[in-house]
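The chains carry the letters A, B, C, D and E, assigned in the order they are written, with residues numbered from 1 in each.
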């Protein structure tokens, strides 16, 4: 696939090369048709070498063709307008003029030494503040074409696709969160660490056990599920049995998150690491948009898993049992539900989904001990936006958040703070629908 | 039969009838949930100074009507007034301040406050509830003492005095009902609207509380209550309004209403005064079906 | 057997005489009971007992009514039978098997059904799903039982897709009762099943309870509609301060002047019976 | 060293309470936790190595130098101030840190008012040369301010004839100023900045930023980043503006060893700038002896130099009091006999000579503002194995 | 191993400026969450608004210091109102997300390159506290032997603890009054309160404003003792830690947040200092292949996380809380 882009790029470049001289020639119908810069080429030195000590350098390249422009004369004067030296560009388009020391200098390009058909983009003089002992460069732009801006629709689609991908990754984690919240009412602030767990598990499977990435992802999901099981068995279930309130549990989850995050750092270190495969992949063109194979893979896996899970939850009794347990655990038990069993399976399923989200994120980008924590707010926002505890809501919310996150910058949100757009929309939607998009208001009285 | 109150004498026993001195007046009040018209009241008047019972089958719209009247829910259409001033778009707390207080069918006690604190909260016009005077005890302590005294009296009457310092969240189902009702009396309302106040209250206590409700009337207050216990309705109410499928279908004195065949059919059942064990079950079922069939044809 | 706690003030002597009499009655009648509780001491908070040595038994096929003042501990008794309140002392046996403090869902498997007094529906589930929860352990039976329940409460059938959280108080009560009827237990524990229902439906509930009972299910029901309850039950208990104050056949209790004074009152007495 | 009299080196901070106990205690306030945690290990290693070498050479004032470690955390965790107190309580005379300019800002006041030298190896923000910090009172740094690196980078781009450059930078004190300086340098010299795009420290997806870069169709991309480079580069590749499509330039924050982190060949030809003189190879060996697990060496040389300079200044001042050390620091780095190692310099000082320490991170002349006024910056290039090798060194003064 | 130093540094931190900042923030949260039941996860936003209110006034707009303080407090009031009007009708968990989002939006905007001219970008603003330190009445620091404070800190501490004490006094006065009772009732069931004729919204707003102002005071103290503020000082972690402090002490208790904040920072510093001692030196207590000295701080956070969990497990009501209250299930 890299080859195709290469071919494309070369084709475009070739076209430009073919077209440009023609247009340039027709544009500059010089009255004195001096043969194309013979004088220049004769005076052009074959190879300039940088002098010792400080100097001023100029590299003349026609950026439309990437061709260096030889034979152009440059004159350097200092602050008092005394001429310091002169240079002529060589076949690489380079010229060097020694200067006595640091300070401000002016470089002037003698326009008539420019080859025919070549025009400067700006003025012919430059002021250089030479700070460096070696070369201090000035630039005369040539052939920098006014960049035809990419049409908005195209940028929008690209951003949209990116947003969908991101939304789906969040969606997996959000579904996990929503399941756990929907069943236990626990606002799990350690959920971010479950994402990280999935990513780190993938990394370990891939790098330490040498599994290919795809198998490592599968293994990571399994390990995550096991992690969910263990968590419930040794942490949450004992807490429930002790009758610890939901707020206290929430604080436990903050503590647990802190604990996990720094255990991860302890074991994994503070830096980012990447998997062994699929790290760099150029995109393929699919008509309206382009996607790298791994991105397509992520999108497909996420969609399949999300659909299967959601439909499964709708079709099976587990989905109903979950909502029942969330509504009223005691009554569920009275109905013969094994409440602990339901909650256990939700932890397993939720953590597995979240782990998958982390694994996909690891493929999409990198593995780091904080990756999940940094994502947590967006996941929360997604779940809330859709309506807490509703399954389809979590997905809808994720897609909205993901898309806004990526599309926002097109509408003027500074990209360094692109979360802002998504968060503002979250608040706005909550104003109109305080119960979230798919949530239902409660009856009074 | 309350012999001391004749203000409703001569009022015709028909739905939506005009009363001599209504404290609440409403017309064309509707509220729809999806396809279901929960409330669809053509005209409604509650007479001042008497005890009015609101009865009707389950899901008739009684609670919803309460919600609408007291500002807890917004009607699709309709207008109503309290003491002559319109209550449309008036928020719930203002409705209560004007003297129209309601209780909730599914109780709402303040779990982590003690019973006495629950009661004190009910008192209105407390100076200590203003932010700027709250820190200065001297400004509100005398009022607080008076409120506490009143609260203690009510608690004793409602047999909750032993629970005075317990968290309201630890009360039993019936005790919650009692607390809810006692608390609403702390507001000192002109019109008190009780939503099934006696469901789950034990019969002996119920009987003694009825005396209290009657004394409310004697103090000049108006009482509107929803109840499924016909003994109670018969015992204390001066007027009965019957709702079904959101509409007012009958009105009148308890005797008039309870002998109304439509009401018996749809609501009371033909045998509500007889011993079940002696009943032929099929006839009972028929009565129950009649009630629900009517709903079905409507919905 | 634990002694009467000094919890009560006033008529102490009379009470303790009464209690020991009740103890003997219990000991005499409890043999062969399908469900029996002996000397239950239970409570919600450590150190605060709500049940003070409560005794109760229910013979196979019997319909037992429990009445008592508010806060007497009736609901607590049912909940502790069903493993929802921690029993500090005493024992509960089901057909001779000790089930003290067992998890509720295992008790369901063992054949006990329970309708709580409050919070007895799943608000975010639809009516149909609520009922489905009733036969969670035996999904195959769903359709048949569902038809039965909707026959009893046609409203539930019409509104099967409505979320229980938006139902009226009485409709919720129908759902709660319906859910219990879905599960077809051997012993059914009902906590005020008629509360909030219209008179005709109250009667219906009592009749149905009676029918279920006649079909062989042992029923223990707590009721505030004492009149009706005592009419249909085989035996009744009056609970006060966490222990049995009186017990006897429904008729005997209904006519006992002490029970009337303490508990039943005379409201509507003229009209009834 | 020149001068170093009794007068209060121009400091307006009347509340300094420097204490002298005969032992030079070097505290480190560097990230062990938080989002900059990855910068910690090389920096700690630099300080550790310096202390080890100083003590092997006999220490300072006849005593071994003592090191105390503290965590600077993130700016948001409230850790830095508490940890600073810990260092101050441990009688630190010099605090090497913090790494992030942001964290330094939160504790600089506290440290200076305690009369302790704050010597940052990694603060590159120009803010420390301005306003209240313009005097070389107690704040110093070995990291060159971004002005110089920005100039070198801009110059490199110009030299390579890049006329339309896109800058993708981390949005923090480091990224902002460096991006600004590079942009300034380019535009002053007549080049165009096609786009300057920032990403937040917490960003999890860089798609929109990368797309912005791609849409600008630049002829060179400068990536001002820390280790998130490993995440961004693949995304640049995906968007068709990877190092093999468009010439890419790294800065000191991200010219790390990417072998194993990125597929071979990804970075071939990519250039980067790292402040510091030539002998880095040998220096890395020594660092690895201290901390064998190091893979990244960012700011290790600066940390090392900060420690050595402090020790030398303490010898010159014949005191371990913070304010005395501070007075000597400019002196031992500027003017005098050049020397490049602690033993060499210490011997010269013993002999009463004025020295000019040139460290592993450059000539470090801590002039007017307590920041390096001269620096040597190496230009490196990546090979197919994603490792860098130097092409040339450029030195300059501000 | 020098336990004296560990203890004294822990104690110094428990009484230090950071503890004050968190105590004030947690007092605010106590009003919001502990008494009124508003799950405000955006306390960092209030702190930020306070800190930036002061610094922007003084640095960017050259206003006098006193005016700056006034503006800072006003800014918190305004934020509370702007935030409250639309969000106070949200259910608790939705409110949590709305407030956390607002705080993040504020943080991002305060730290953005685009708003650098006003808020100073990532470096933030500095040098606004000079007036404050000029007022310092102390001539020297305080040295009690085992614990010592420098002159500047001593002044911050005096002012800070005075603020904390005043805040506690006010909370105590308010919460024993009927006003406080209404707040606690709203926490339990706002519909019930509404049905009794109380303007729930107004009370919630008053609570939000009051707690927000305490948050802002915390932010101001932070700004003063750092003499620098920047957006990244106010991330969600700050709110989390403040909640932690509150719950350690016990919610809905007057002194809960203060004691909680002190304990939190005592442990934070104490554990950190223990491990940094245990891992340093030539013959460390903990061998360096198990834990190197650069990992000491990490272990501290691991243990803080663990400690927080254990505390909630074994004393979920916090130090001052009432176990009985927790046992009441909100039926």
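Here is the rule we use: contacts are C-beta pairs under 8 Å (C-beta built on N, C-alpha and C of every residue); 3 or more make two chains touch, one makes a residue touch a chain.
Which chain is which protein? Per UniProt: A = SpaA-like prealbumin fold domain-containing protein; B, C = ABC transporter ATP-binding protein; E = Branched-chain amino acid ABC transporter permease.
Note that this is a predicted model, so its numbers are computed, not measured.
Of the two chain pairs considered here, A-B and B-E, the higher C-beta contact count falls to B-E. Central chain (C-alpha centroid nearest the global protein C-alpha centroid): E. A centroid comparison over C-alpha atoms places D as the chain most distant from chain B. Measuring from the averaged C-alpha position of chain D to that of chain E gives a distance of 33 Å. With centres set at the average Cα position, the gap from chain B to chain C is 28 Å. For the pair chain C and chain E, the distance between mean C-alpha positions equals 51 Å.
For chain B, residues that reach two or more other chains under the stated contact definition are 63, 72, 104-106, 170. Shared interface positions of chain D, defined as residues touching 2 or more other chains, are 33, 40-41, 171, 198, 200.
Across the assembly, chain E contributes residues 108, 111-113, 191, 295, 298, 301, 324, 327, 331 that each touch 2 or more other chains. Chain E meets chain D in the complex at residues 5, 8-9, 12-13, 16-18, 21-22, 108, 111-113, 116, 121-124, 126-127, 129, 141, 148, 150-153, 225-228, 230, 232-235, 237-238, 241, 265, 268-269, 272-273, 276, 280, 293-298, 300-301. Residues of chain A that touch chain C in their complex: 317, 320-321, 323-324, 326-328, 330-339, 389, 440, 442-443. Those residues of chain B whose C-beta lies close enough to touch chain E in the complex are 70, 72, 91-94, 96-97, 101-104, 108-113, 117-118, 120-122, 124, 126-131, 134-137, 140, 144, 167, 169-170, 183-184, 186-187.
Chain E makes touch with chain B in their complex at residues 170, 173-174, 176-182, 184-185, 187-189, 191-200, 206, 324-325, 328-331. Contact residues on chain A toward chain D in their complex (touch as defined above): 5, 9, 57, 59-61, 63, 68, 93, 102, 122, 126-129, 131-142, 144, 147, 149-150, 155, 158-159, 162-163, 165-166, 262, 265, 269-274, 279-283, 292, 295, 361, 364-366, 369-371, 374-375, 378, 405-410, 414-419.
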